[in-house]
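In the two complexes below, chain A is the common chain; its partner is chain B in one and chain C in the other.
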Partner chain A sequence: MKCRRCEKPAAIKMPRHNSAFCDLCFRDYLHKQVMKAISDQRMFEDGQPILVAVSGGKDSLVLWDILIKRGYPTVGLHLNLGIGEYSRISQAHVEKFARSRDLELIVQSYQDDYGLGVVDIAKETARPPCSACGTMKRHHFNRIAMEKGFAVVATGHNLDDEAARLLGNLLNWQIPYLKKQMPVLSDEGGKWARKVKPLYRLPEREIAAYAVLNQIDYIIEECPMSKGAKTFLYKEMLNRLEENSPGSKLQFYLGFLKERPSAFPQQIEAETQRCASCGQPCGGDLCGYCRLIQRVGAS
Partner chain B sequence: MKCRRCEKPAAIKMPRHNSAFCDLCFRDYLHKQVMKAISDQRMFEDGQPILVAVSGGKDSLVLWDILIKRGYPTVGLHLNLGIGEYSRISQAHVEKFARSRDLELIVQSYQDDYGLGVVDIAKETARPPCSACGTMKRHHFNRIAMEKGFAVVATGHNLDDEAARLLGNLLNWQIPYLKKQMPVLSDEGGKWARKVKPLYRLPEREIAAYAVLNQIDYIIEECPMSKGAKTFLYKEMLNRLEENSPGSKLQFYLGFLKERPSAFPQQIEAETQRCASCGQPCGGDLCGYCRLIQRVGAS
Partner chain C sequence: MRIKLHHPAREVELQGPKPVLSILSKLGLSREAHLVICNDALVTEDTVISDEDCIEIRPVISGG
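So, the complex of A and B:
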């Protein structure tokens, strides 16, 4: 099979485009998809330093790789979640990536810094581990971005992640989540760091292929705490759809982005409150993170 | 395993209720679900004669059976779609059901009455057969109801049908279809017959079990024209979900019914137009059915 663009031997099949690309044309295509996401959603302002959240998985390392190659000023941020061997290997991948490219990396460890890892939280509270982990990550991304003066945090969420989250929100009619599921979460006039997802147009499969073709080493195992998470079921359902009609996953997610403002409009909220404990913006008196920490402390 | 209600030996497991029923308690449960659907959605007015569309499949025959047993005045309507052996067997099942219970049945044949079956339409137009067949059925249900003076037509659409249609409409963001996907389609002040779906709370599996337990013979084969229809894919995706979390399918559909008025509100339409050819209400000059017939005539 030949590359659709340059007719050299193809390195990857692209069923959703009914074609194939060689190594270089695939890289070019993937970069263009990321640049399109950044410009369509106005993710960054010129020269603005970006805090890239890197877990050690393929998505966030590929994202960091592309942002550097496109000339964006970045600093990496790795949170060690305190999930035994899995966290140790994840951190090693991130450190290797940063060292080999001479990049600035901030590493914070839940266990060392706060004496509390995701495993402890999951043990102590009745919340599903992925949900508690998400709350903790959001808090620390926000805190570190504010402390270090970053106006924007980029995460490696890909098309499969976003489409699966969307399917789950629709199957359960989670209206508040549907109202705010977007590739850019606003900084509300500088009150907190803006969150952006530059990989939202790219499926997992293409990101993994890019990682392999560009010699990016990443942790392949899924997080051991995520076993049985509903997101895998939603991904499986959407993969079945994609297999039947290549391109459906992107069409589903882009269709939502188009229809969201009229179907699930965001309320214009009054002044966002500040958490009485940590000072981060939140909906009530205490933010989700501080309530979690309080519950663990009390148990 | 014992019946949850009366402790006699169970005849059917109910994973979504984490229990099991004997023959009689299952029948009672199923009837109650239908009566709940009828009353929640105000489907019928007292004593109003109901035209029941019966294909010969399990759903419509079970629906007819329940409506009779609950004392509703009904007349059956069977459309022979002109799909060879499949249509012959379907009609035989409907006639046997009506004859054995001494019920009034109207049979109309596309081929005999109009010289045109679904097979011809599918051959002559580029439309998927299920879509053309749906348009034809809607037209004839409406026409016959108006001619014979029925204010309401009941169809056997079940929970799997409605949830699959909903999933397809969401995956493709078919907003006009989402706005009008309901278990009751209004008669717009008597302009046309009201369409109701009293089985919308019941999954296929429970309806099939009811048919077997109540000795209702039905055509088991799927329509040969429906091969490859997307609805089977959507049903498969939802069955995977249901297997993982029993009850999810109903929760998905009922959640939609609750959220539909705010997420996908119906526009208040100006005076509905009448089709210039057949006189049925429609959106433009010619209704979908008459455009279909015209296209086949012109080819």
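So, the complex of A and C:
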């Protein structure tokens, strides 16, 4: 198989484009997809430093790599979730990546902060671990971005993540979530960092291929807590569709982005409520994070 | 050929030579959810893997 652009031996076949690329042409293609996502969604303003949330998995490290290569000013943020060996290896991958490229990295450890990992915190509060983990991550991304003066936080969510989440939201008719499922979440009048997902156009297979081709070492093992998560089933279903009709995942998600404003309009809220304890945006008096931490403290 | 698999980490043997695509289908693995690596290089699905080769089949799906 040969590269469609330069006729060199192909490194990856991409059925959704009826195409195959060599190493260099693939890198070029992938960067262009990310730059298109950034400009289509107006993710960054020129010169604005970006806080990149890096887990040690393929997506966030590839995102960081591309942002650096495109000349964006970045700082990495790693949250050590305190999930035993898995968290130790994840952090080691992030540190190695940052050290070898001489990048600034902030590491925050739940074990140091609370004396507990996310698993114990979830147990104390009888919440499913992935949901408690999501709540905690969101809170710390917001908090650290604000404390350090970042206007934007970039995460490594990819096309498969977003399409799987969309499928889950549709299967359960989660209208409030459908209204908010976007590759850019606004900063509520400049008070909180904008959340952006520059990899939303790229399937995980292409992101993993980029990692292999660019010698980016990442944690291949799955988080032990995510075993049995519905996400895997949704992704598997979507991949079966994709194999049958290449391009379906992208069409599914981009179609949603196009239709969302009219199909699931967001009400303009007079004023966003603030958590009485931490001040972050929330639905009630106390935000999910502060309720979680209160219950951990009480027990 | 020796095949290194993940989730859980293990090794299996298959008789070569065989093209990548038929190795994946023989093992019941989705080509959309896996990459195949031979001698540190990505290989496309038409690449024929010989009996002496050692390959890694790497899943690309994560919990997210």
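In the analysis below, the second predicted complex is superposed on the first by the 298 of 299 C-alpha atoms of A that agree within 3 Å, B and C clash if a C-alpha of one lies under 4 Å from a C-alpha of the other, contacts with A are read in each partner's own complex, and residues count from 1 in each chain.
One rule holds for everything that comes next: a residue touches a chain if its C-beta (ideal position, glycine included) is under 8 Å from a C-beta of that chain, and two chains touch if they have at least 3 such contacts.
What you are looking at is a predicted structure, and each value in this text was computed from that prediction instead of being measured.
Visitor: Looking at the overlay, what does A:R295 touch: chain B (first), chain C (second), both, or neither?
Guide: Neither partner.
Visitor: For A:L213, using the defined touch cut-off, is the partner it touches chain B, chain C, both, or neither? Pick first, second, both or neither.
Guide: After superposing on A, A:L213 lies in contact with chain C but is clear of chain B.
Visitor: Please work out whether A:F264 is in contact with chain B alone, chain C alone, both, or neither, and reply first, second, both or neither.
Guide: Once the two structures are laid over each other on A, A:F264 reaches chain B alone.
Visitor: State whether A:A164 touches chain B only (first), chain C only (second), both chains, or neither.
Guide: second
Visitor: According to the stated criteria, A:K13 is in contact with first (chain B), second (chain C), both, or neither; which is it?
Guide: second
Visitor: Regarding the shared-chain residue A:F252, is it in contact with chain B (first), chain C (second), both, or neither?
Guide: first
Visitor: Figure out whether A:R240 sits in contact with chain B (first) or chain C (second), or with both, or with neither.
Guide: both
Visitor: Between chain B and chain C, pick out the one touching the greater number of residues of chain A.
Guide: Per-residue touch count on chain A favours C.
Visitor: On chain A, which stretch or stretches are contacted by chain B in one complex as well as by chain C in the other?
Guide: The answer is residues 236, 240 of chain A.
Visitor: Applying the document's contact rule, which stretches of chain B touch chain A when the two form their complex?
Guide: My answer: residues 170-173, 175, 230, 233, 236-237, 240-241, 244, 248, 251-252, 255-256, 258-259, 263-264.
Visitor: Where on chain A is chain C touching in the complex?
Guide: 1, 10-13, 20, 57-59, 130, 157-158, 160-161, 164-165, 203-205, 207-209, 212-213, 220-223, 226, 229, 231-232, 235-236, 239-240, 242-243
Visitor: Name, in rising order, each residue of chain C that touches chain A in their complex.
Guide: Its residues touching chain A are 6-7, 30-35, 37, 41-42, 44-47, 58-64.
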